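Each chain gets a letter, A, B, C, D, E and F, in the order it is written, and its residues are counted from 1.
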Amino acid sequence: MQILVVNPNTTASMTDTIAAAARSVAGTRTEIVAVTSSMGPVSIEGYYDEALAVPGLLVEIAAGERAGAQAAIIACFDDTGLDAARAMANIPVVGICEAALGMASFIAQRFTVVTTTQRSWVPVEALVQRYGMAGRARVRAADIPVLALEDPASGAAEKLRGEIARALDEDRAEAIVLGCAGMADLAAELQRAFGVPVIDGVGAAVKQAEALIALGLSTSKRGAYATPLAKPYRGALESFAPGAVAAE
Amino acid sequence: MQILVVNPNTTASMTDTIAAAARSVAGTRTEIVAVTSSMGPVSIEGYYDEALAVPGLLVEIAAGERAGAQAAIIACFDDTGLDAARAMANIPVVGICEAALGMASFIAQRFTVVTTTQRSWVPVEALVQRYGMAGRARVRAADIPVLALEDPASGAAEKLRGEIARALDEDRAEAIVLGCAGMADLAAELQRAFGVPVIDGVGAAVKQAEALIALGLSTSKRGAYATPLAKPYRGALESFAPGAVAAE
Amino acid sequence: MQILVVNPNTTASMTDTIAAAARSVAGTRTEIVAVTSSMGPVSIEGYYDEALAVPGLLVEIAAGERAGAQAAIIACFDDTGLDAARAMANIPVVGICEAALGMASFIAQRFTVVTTTQRSWVPVEALVQRYGMAGRARVRAADIPVLALEDPASGAAEKLRGEIARALDEDRAEAIVLGCAGMADLAAELQRAFGVPVIDGVGAAVKQAEALIALGLSTSKRGAYATPLAKPYRGALESFAPGAVAAE
Amino acid sequence: MQILVVNPNTTASMTDTIAAAARSVAGTRTEIVAVTSSMGPVSIEGYYDEALAVPGLLVEIAAGERAGAQAAIIACFDDTGLDAARAMANIPVVGICEAALGMASFIAQRFTVVTTTQRSWVPVEALVQRYGMAGRARVRAADIPVLALEDPASGAAEKLRGEIARALDEDRAEAIVLGCAGMADLAAELQRAFGVPVIDGVGAAVKQAEALIALGLSTSKRGAYATPLAKPYRGALESFAPGAVAAE
Amino acid sequence: MQILVVNPNTTASMTDTIAAAARSVAGTRTEIVAVTSSMGPVSIEGYYDEALAVPGLLVEIAAGERAGAQAAIIACFDDTGLDAARAMANIPVVGICEAALGMASFIAQRFTVVTTTQRSWVPVEALVQRYGMAGRARVRAADIPVLALEDPASGAAEKLRGEIARALDEDRAEAIVLGCAGMADLAAELQRAFGVPVIDGVGAAVKQAEALIALGLSTSKRGAYATPLAKPYRGALESFAPGAVAAE
Amino acid sequence: MQILVVNPNTTASMTDTIAAAARSVAGTRTEIVAVTSSMGPVSIEGYYDEALAVPGLLVEIAAGERAGAQAAIIACFDDTGLDAARAMANIPVVGICEAALGMASFIAQRFTVVTTTQRSWVPVEALVQRYGMAGRARVRAADIPVLALEDPASGAAEKLRGEIARALDEDRAEAIVLGCAGMADLAAELQRAFGVPVIDGVGAAVKQAEALIALGLSTSKRGAYATPLAKPYRGALESFAPGAVAAE
């Protein structure tokens, strides 16, 4: 079972964190192929970065599918490019936000997502709404730049702990969802420290991808995710023309 | 990894169907322990049957947890007794409706649940609402008595196919969710026949239970699912007193 | 006009409080028959207690209907077993939560439900959602064990007053709904003390039950509340088989 | 117990129908005072008629309160002027739409409101939304002019029956709500004919008004329904100035 | 292009403020005709004032349409009488609340409406809900009587600034909507002071009215806003009979 | 007043249609600058095309802002890249879907969007939900390839008319919104033919953009649309780094 995990930002050290988290929960017969996008922002903080991360992400998913991956994971909590990837790919594609929220819903009635920056707050709230969790999940931003999570001296971990403490105190949260792929290595320790379930989206997405493969389920090609029609693409993105991508 | 699958109705032949479906997707290191409730209705069709199936279900989950199960599955599409079971147990508990809807949400934007009888229609619609899928999932009843699914001569399979065809035609469904544990053996064949993903909740729940175990996640004991307080229980249900259950 | 009021917990002193509240508002031609369940928890605090209170509750409603009651009231603010009771009975069944919320909606645009324990908070919020009041009603828990309401020395009344004061101050509440049958005797006094309407669900349910009888309305037997199908019930709950219950 | 029932249109024969329906369900100690507005349209069909019916309605409610009514009912299914009346009056005010929907919610999970004209369809849908019933109630218009209900030769009753039949067939309705005060005399007969509960708002509102009086509940004067501030009113409506109304 | 702006309260000095705000943003070819209602309350604070302002408002819109206005604006943030006016008029009618919320939605994801009194809070929240902004807009009341806005010595401006500051601090507001026509002259200055967009409904409505005229769009006369049926009106409101209004 | 209109697909003939529609409603002092994206798909049909159209769109908006545009319009009914563009630009950005829905809401209570292909159906429904119109707007797909709209011999116009007829008949639509920029030239004629308002998003967006400029309003830079942080972008999209874009 081969699962592709794409870090849609271009920071390879974050891919390492993500890959380690993915491998730590993967089944014994699962191979995790973790790749870093080669095109786009070094971190995804807000709508602009998110939109510009998509082409690089799609390149990696198309390449991964050709190389034999049976499912793909988008390892950014904004679920960047998820719909486009699902339409393009013939393998199932899982976002770490949807996977994390889904997993939380099995073990808690009320929970809080702690994300990084103010710029990501509204996009994550929109995802909570999209995934049908608006009545039970709240969102908080810990005011941490994404890449600060890679730097132990940044104080990011302390800020994160402070925000989790406030979520438990003020939100009646029964569980915590970590709202950034860069926090993937912290879940176990935070769960021990706070005594409530702490959910990391990368791990959750690996298990969902394994589940889809085991169940023989893939993205429906009827309706919203139908395969893109063959048509010309102009300019720098010519190679993304639906036919071109498949054959690339 | 030991996963308890409880059939909360008292029909052992349906447990066999459920167990086979569970085992067919379980991981190589997962042991499926399938049990039939010994107390309650022979099939669960509507609110009354549902409520009366709960005590027998809780007995089995408590027994299963003591016997070493690491997660439990409630194999009735009404997610009968799910909240009570979560509060009681220290292992995670998964309902097959929530598992199926969650799985469908990864592969389709719009889908239809095809359940059995008119009596189950509104309860299943309420679950769709509860799990945040009201904007994307519709519910249909194929007018099949639950136990007819056990009888090849009943015409149940034809009715089910007819209702799926109508769902694809009238609902713009991109995928189908089978709305009864007794349909668990039909998913693969229907998926081939209709060319869209067909999701069985039993299989989906097995993978979610495996995921929760692998991720080290269990029901939060803070808030809604806090362990029941020790207190006297009177009459025929005395043995369900929280302390009694744990020690039983 | 005979109205059955079932206290679904097994504490007879609470039934006395409930019966007194019911009789104090009943019409001159209404006979209140108040019974205590003989099977289940001494108080209902959370999902587990709630589920286990249902069989005893159903026994009392079936018996009451046979004895001539024209309507039944479930005197627990969780509306425990309401749907099952409606499907089983041929007389209308009213929950005190739905009755209280409905009554509040005639006299206030925004109101707050003050319930007992943290365990009941989420279940009551789910009822507020179910009854269509999520946009106008908030829920608070006063952190009072249910049975403390029976004990004047417990400080429960003070906690309740403190929480009501906070609701008026922080929630812009225009009225207060008392979120436990055990508070039924406190409504009038609290209404005087705080100068806003204070609604007790037991009284509200009595008037709704009288209204349904006077209007010649009973539970629809078409759809969700259709009479349970005759079928075998196994084990300790055998006597609950639909036919058995009716004939019992 | 004196209950004022205001017909906010100026057609006295409809007031007779309404009064008879009100008296047929009122308690033995309830006096129904039914009045016809003396100012405004002869029937209320859509937003324009509705708005212009309000001043005449308020005159009658103010006069009724001074004359000793303990509660008031607005006998138009649009709940015309309900919020203004609640702010003005010191007695509780009940709308027949909210009363009917509330009553239906105790006996059916899914129901359909059958109203008169296309002009009333959207306003009634807005009320269904306001009262939190959007998930369970549908609205249909039988294409009947309101005053045709007063004329046996108009064919209105047949149109109404036809629309009810379609509601049962197409909407999975478990009960029917009659969406016009002018249909108040038809409920009992339609209930017999169709075998499902049929709810008339006039009768429902009488019982809700009796309930509020018996429970000692009246409109909260904190927040949205606070007594209007004393201030000048100019022109033809001078006599409506809050002080003037009270002293009138 | 002639646009009628109706101040539905009877305070001419407020009409002056409104007219100035309207003219300051109107196109060079737009003529603003600002009128004061001659019938009703001197200020609109809550449901009662709102309902009584409608007849005077309708008189002015009917007169304005006959005099050649191509669109009408209702300059009260409660959108008083909007639906009735739309049904009556053949020219488009715009409310300042809906215009302001719509404009805010183009430039901010989260915003706060700051209105005047507690009495207007719930009505404005209901409009936010009606216009589909409940997920992104919050409402606050600055506790300012409407006419205090006309009096520089009242301290109203300071209270307004204080509430805006709290909205930015506590609501994560990205923009502010001024929730009263009497604040129309303050928007530009407050925008400079707080560094976020501040939206006045009067200006917004003028541009929406110009847009509708330029696009050749007017109120649909199919469905909810169909022309009122010709019918008798009795008493003091006789002149409002649909035919009478048109011919008046 | 200079307004940039970006056609985010790469088909210049469609830009001509869009530009003509924009100019036909623009104010006398408005200059419409219409540009065709030079990078991406020739038509936008579904999520994949949509995502790949964003970089080319952002290039044009950045260039347009530098060249003096005071507002920008994204002329694709999917509101492709709207959030990213708002975060990037310092001028307001308007999507044609949000503009059209907003305009429809001023003149109709219920309306239907008629879009092109099945692939766009769900994305447009998601926009209807996002913009708060789910309760009043329905979506239909006329099964027309986008570029067929450019070809009179394609039969596209007939299909569109047929779908509009069905919307009026089956949806109780009071107005029609054209769900594709390529239909911009058809609105006036369809409005005449069907006798209900027909709204084209391009025209609507031009008037909204003029309104925002006239009112001195631009995108809030607080919160969700804060200016992207300066950071490295790697690979083919390097030139999109926030700093680079501004200085480009």
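Here, a contact is a pair of C-beta atoms (placed from the backbone, for glycine too) under 8 Å apart; a residue touches a chain by one contact, two chains touch by 3 or more.
All of these numbers come straight from a predicted model, not from anything done at the bench.
> Do subunit A and subunit F, two copies of one chain sequence, contact each other through the same residue numbers, with over half in common, or through different ones?
Copies use mostly the same positions to touch.
> Using CA atoms for the superposition, what rotation angle relates subunit B to subunit D, in steps of 5 degrees?
120
> Quick check for the class: compute each chain's Cα centroid; which one is farthest from the centroid of subunit C?
Most remote chain from subunit C, centroid-wise, comes out as F.
> I'd like to verify one number: the distance from the centre of subunit C to the centre of subunit F, where each centre is the average of its C-alpha atoms, in whole angstrom.
One centre to the other, that is 52 Å.
> For subunit C versus subunit E, what separation do you get between their C-alpha means, in angstrom?
Centre separation, subunit C to subunit E: 44 Å.
> Any idea how many Å lie between the Cα centroids of subunit E and subunit F?
Subunit E and subunit F have C-alpha centres separated by 28 Å.
> Identify all positions of subunit B at which a residue touches two or more other chains, and write them in rising order.
Touching at least two other chains: 86, 109-110, 121-122, 134-135, 172, 223-225.
> Give every touching pair of chains, nothing left out.
In this structure, the chains touch in these pairs: A-B, A-C, A-E, A-F, B-C, B-D, B-F, C-D, C-E, D-E, D-F, E-F.
> So in the complex, the part of subunit F that touches subunit E is made up of which residues?
Answer in residue numbers: 25, 27-29, 86, 92, 94, 98, 102-103, 105-111, 131-135, 168, 172-175, 188, 191, 195-197, 199, 203-204, 207-208, 210-212, 214-220, 222-225.
> Applying the document's contact rule, which stretches of subunit A touch subunit C when the two form their complex?
Residues 109-110, 135, 172.
> Report the residues of subunit D in contact with subunit E in the complex, numbered from low to high.
Per the touch definition, subunit D meets subunit E at residues 10, 37-43, 45-52, 54-56, 58, 81, 83-84, 86-88, 118-119, 121-123, 126, 130, 145, 223-226, 228-229, 231-237, 240-242.
> Quick check: in the complex, which residue numbers of subunit E touch subunit C?
Going by the criterion above, the answer is residues 121-122, 129, 134.
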